[in-house]
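The letters A, B, C and D name the chains in turn, as written, and every chain counts its residues from 1.
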Amino acid sequence: MSFSISRLARQALLAAGLVGACTAAHAQDTFRIAGLVPLSGAFGILGENMRRGATIAIEERGGEVLGVPIEVVWDDTETSTQVAIQKATKAMARGVDMIFGEASSTTTLAIMKLAEQRKVPHIVTLSADDRITGADKSRYTFRTSNNVAMEVAALLAFAKNQNLEKMYIVMADYSVGRDLAKILETELPKNGIEVVGTEFVPIGTSDYAIILNKALESGADGLSLVVVGADVATSLKQGADVGLGEKMTVMGLMLMDETQGMVVGERGSVGINSTLRYHHTQDSDRNRDFVAAFVEKYGELPNQYAGEAYDGMSWWLDTVDATGVFDKEAWIDAFEGSVRDSSVEGLKVMRACDHQAEQVALFGTAVPDPSGELPIVMEIAESFEAEELFAPCE
Amino acid sequence: MTRFWTRDFLIALGLCVLLLAAPLVTRNESVFFLLSLIVIWSIFALAFDFCFGRGGILSFGHAAFFALGAYGYTWATMDLGLGFGAGLAMAILCGAVFAVIVGLVGQRVTGLYFALLTLMLAQLLAIIMVTRLRRFTGGDDGIAGVPRPMFGGIDFFETVNFFWLIAAILLAVVVTMHVLNRSPLGQAIAGLKQNEERARQIGFNTARLRLAVLSISGAYSGLAGALLGALLMYVSPQLLSWKVSGDVLIMALLGGTGTLAGPILGVTLFELLKEVLSSYTEYWYGILGITFILCTIFLPKGVVSLLLGRDKSR
Amino acid sequence: MAIIVVGLSIGMLIFLLAAGLTLIFGMLQVINFAHGALYMLGAYLAYSVAMLTGSFWLTLVIVPLMLLVLGLVIERVTLRPIYDADHVYQVLITFGVVLVIDEVVRFFWGLSGRQFSPAAFLVGSIDIFGTEVSRYRVFVIVVGAIVMTALLLGIEKSRIGLTVKACSVNPDMAAALGIRVERVRMMVFAAGAGLAGFAGAIAGPMLPIQLQMGNAILLDCFTVIIIGGLGNIRGAIVAAFVVGMSRAVGQQWAAEWVDVFTYSLLVLVLLLKPEGLFSKKERTA
Amino acid sequence: MLELIEAQVSYGKAIALHDVSLAVAPSQVVALVGRNGAGKSTTLKAMMGVLPLDRGRRRLFGEDVTNRSVDALSRMGVAYVPENRQVFSGLTAEENLDVAALSHAPGPWTRQRVYDLFPRLHERRTAQGTSLSGGEQQMLVIGRALMTNPRMLLLDEPTEGLAPVIVDQIVDAVREIAASGTGIVLVEQNFQVPRRVAHSFALIDSGRFTWQGGADQITHDLETLLAGFAAH
């Protein structure tokens, strides 16, 4: 078999020379975006909202950038890194001008490698793993949303302000979660909070009853519930059955907002505390316009996934448009250090050193909706300035 | 089985040649990516069908051999720093060794129970690889940056070049499998499928024959897994999912088992249907399902039966 | 106490599914891969029925009936034409049915998960021996036990049960005694689908209603029918509780080892007693 | 009257029955005799509709039933006792009887009357059907067939391998069943048994009937010939 491989490889060599010789550059008549988001599986709800937010960003500029129409192809990554890589590879083979996505950090990290190899700009608006703009940072990838470090900082500050004594940690079992648990286990005691137990739960677990019961019986007065995707609704709904929110101070990262409240229902939602990456009540012209456009198109308020996706996409497209040239490298140079004073979350600065956006962090608590329209609304409990959360660039 | 140039073999060769000739017609990179997937899954489907269609051994756990091949290649090239050839050899070895283990464990189990056993062993392997061997497998995150080959000054990171390479490997797989099927071992395996009892009476060691079938199938599956890892430059335990085993079974049966052309046709049809349907309708998945159902009812011998007709010499 | 309630409620749910699966296998010799999809469809239908009628109780009646009818159609359209073919093709065709049902759910309900509440008095928790447990889970256990008893009595004591047993054991002889075997097959498949629908409806208020809900539980059901013995309903009962309790107990004390343990046990059962731990006699498949 | 008219039956390409015609009337016992593999069981299966006819017809009381399914024929009054008995495993003896009554309207044959015919079955009624002795199983399957209240009964080698005393019981039962109005086709390799009950005989060899006639027409020569078959 090895004989035929080497012979055929020689033939391949010849043909490759021929093929390579007649590769020609083609004129750009569209700006092609590959939207790689999970539309099914545990993260399906995230991806769908990301798609909606980004769609508003594209539509509000008339579907054009640099004077050419934007062509966006949304690919369902099925909450699977395997599938995402397959679709990303195909998208890059198609010759796209930028990649948008993904939701899962694992997948984003894998896509980053491809984007770097192919030199395609890559905008991340959800994945929070520190490595994306830390150890694994790349020239071609930017994150316009929060990272884990700032979310954890907000969570720790909130826990401290609540005067909690004992904390139980329920953590989604994936790489970010494992890192997060380590951070919480070291940092909480420094704030005078004892960690009485940590439980790792596989993503997609359908029954949280036992785990939540363990937390309840641990004697802890606080619960750090860090779960993702559909597991948020599952755990909170099952928590509602045993009055979890009344017995413990439950807090988490992106654990609760108005959309989530509709899925979980009032009973399981009220009193749940969570970081909020974006909130539709933000008082600015751009945000009012965005919320109005979103409500008109989709008939509901934009959630954090949609808001962050809109923000990243519109920021990037504005920057690309301002360069006036069809040159990926020029876009990247322009985005580095770019300042967004009119983002839907207030001021954002794209750090040139690590491609992480500097921004505020919010922490909210779910309360019953005074108007009675929604099960709950989020009340901003704490707000943290960028200076408190970020070390300056070196 | 007297002629060497059976119609089935000729069709399979024709399909390989068609694939190899694709770069002459188009230079669209995403087409090559699709074709690369077809080539790799064809190898996997042929490997599966060697077990099911030739050896009569049903397996729901072929994903294990496939994934171990991908990981074997990754370990060899990334951790041990070995070359492409050695990586493939490692993949083949990993696939074959696990297949032998499955065969030995399930020595006394046959039929549907063996199929269920393979499923459970694959699941067990998947869980152990995700939770216990996190260090070697990257856990749920998988391992990114799996290398493609480097030799002869060719840039195999170009989809086209890589496609040529794997299409040539597919051709080699088809030829070696055909030679194997016609060899005394292949004839014995055919006898095993037709009537295990009789094969035993004639004096074959059927237990050893079953092991041979499994290890050969595992080896080819491992090869396919390695190539997929190299194509995607990424491996993860998701390769071990029972859906992977289900997909390869569907593809092989759709195309027609017990043939060389069938699995290749099945994979081609599956991937093309997926590609074409998904570009026209959001509901391609369901349409694919209906297509399967119709094919199973009306073309139980697979799509290949349209080409082979009642050709007995296949 | 909470562990027992949770374990039993999981076990009941798995039993409702596994019972249908094992009956279908006994009768048709087919492993129905579409069973999880039927369960998921049941949950989504229950959500819609609950939204439309505002009644939780109606879902428990309407949804199983809808799935029963669907089961009749699926059997008639997909499986009946290929009964004479190799069983692998029947497995393949149930794979096809999975794809179609998944698509139907995506088409009508979209991608986001759903939730609905049970009747008011089933919401919240109840105190049993000093621990608070979910009222709804207690309800699931009670209803599950009723269905289980009815099913067992139906199979052991009724004419229908006798018919099903005879057809499972020897369909040709049953036909020679005037039994319309094809019709019995269809009924059994439909009954299995109806049970899956019932399980889906009952799971709705307890577990997340989402697209992949069928896949996760299907593997548990395979576990149950293998340990219990393919086609053995009594075995399925015992095995469903073993699996349900081991899930609950495992999560409590050794979460990471539950799956390793379960699959190892399965491999051992397949190797040592492939007819199942609870079968008296040998069965061939 | 159950008739098979010029029937041809084949397994794959091999023709097993060549233009065979056979008829049985109510209260009649027709014996089908021939050596092993001659086509006796095949004829019975063709009559029951278990095997499809390539050519020819099947008629029941004048009605053409060539294309009826097995279960339909059973409901029309044809009962079949296969050669390897095929007791339902997992069912008690009594349940084995009950199964047969499921798809049939009540008639003269009840569980009680079967127990009267075979008292031994009443004693073993709660035992697993498959745990019964060979003779008991034979009684069970005959009883099971009777529970369908058949107008025609097809018996495939009911006395094979049974002790003489049991054979006598079976023979008595066959006589009684026929007397009650049911027509019987009795397949036997052993000539001695049908000689005691049959009203007419059909001799089959290599898928063809070589001789048919009434019991009174059997000559000594023929008897010797037939006895010779059984020896094979």
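Note that in this section a residue touches a chain if its C-beta (ideal position, glycine included) is under 8 Å from a C-beta of that chain, and two chains touch if they have at least 3 such contacts.
These figures come from a predicted structure and were not determined experimentally.
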| item | value |
| --- | --- |
| Chain whose averaged C-alpha position falls nearest the assembly-wide average | C |
| Chain located farthest away, centre of subunit A as origin (C-alpha) | D |
| Inter-centroid spacing, subunit D versus subunit B (mean Cα positions, whole Å) | 53 |
| Interchain centroid distance [CA atoms averaged], subunit A/subunit D, Å | 76 |
| Centroid distance [mean C-alpha coordinates] between subunit B and subunit A, Å | 36 |
| Distance from subunit D to subunit C - Cα centre to Cα centre, in angstrom | 43 |
| Residues of subunit A touching at least two other chains | none |
| For subunit D, residues contacting two or more additional chains | none |
| Contacts with 2+ other chains: residues of subunit C | 106, 256 |
| Every chain pair meeting the contact rule | A-B, A-C, B-C, C-D |
| In the complex, subunit B residues that touch subunit A | 23, 27, 29-30, 32-34, 37, 85, 139-142, 144-145, 151-155, 157-161, 164-165, 168-169, 171-172, 175-176, 231-234, 236, 238-239 |
| Subunit C partner contacts - residues on subunit D that touch it in the complex | 48, 50, 69-71, 74-75, 79-80, 82, 86, 88-91, 95, 98-100, 102-104, 144-145, 148 |
| Subunit B contact footprint on subunit A (complex, rising order) | 1-2, 4-5, 8-13, 15-16, 19-20, 22-23, 80-82, 85-86, 89-91, 93-95, 106, 109-110, 113-114, 117, 173-175, 203 |
| Of subunit A, residues touching subunit C in the complex | 39-42, 44-45, 48, 199-201, 204, 206-207, 209-211, 213-214, 230-231, 233-234, 237-238, 241-243, 263-265, 267 |
| Of all residues in subunit B, those that touch subunit C in their complex | 52, 58, 105-106, 108-109, 111-113, 116-117, 119-121, 123-124, 127-128, 131-132, 242, 246, 249-250, 253, 283, 285-293, 296-297, 300 |
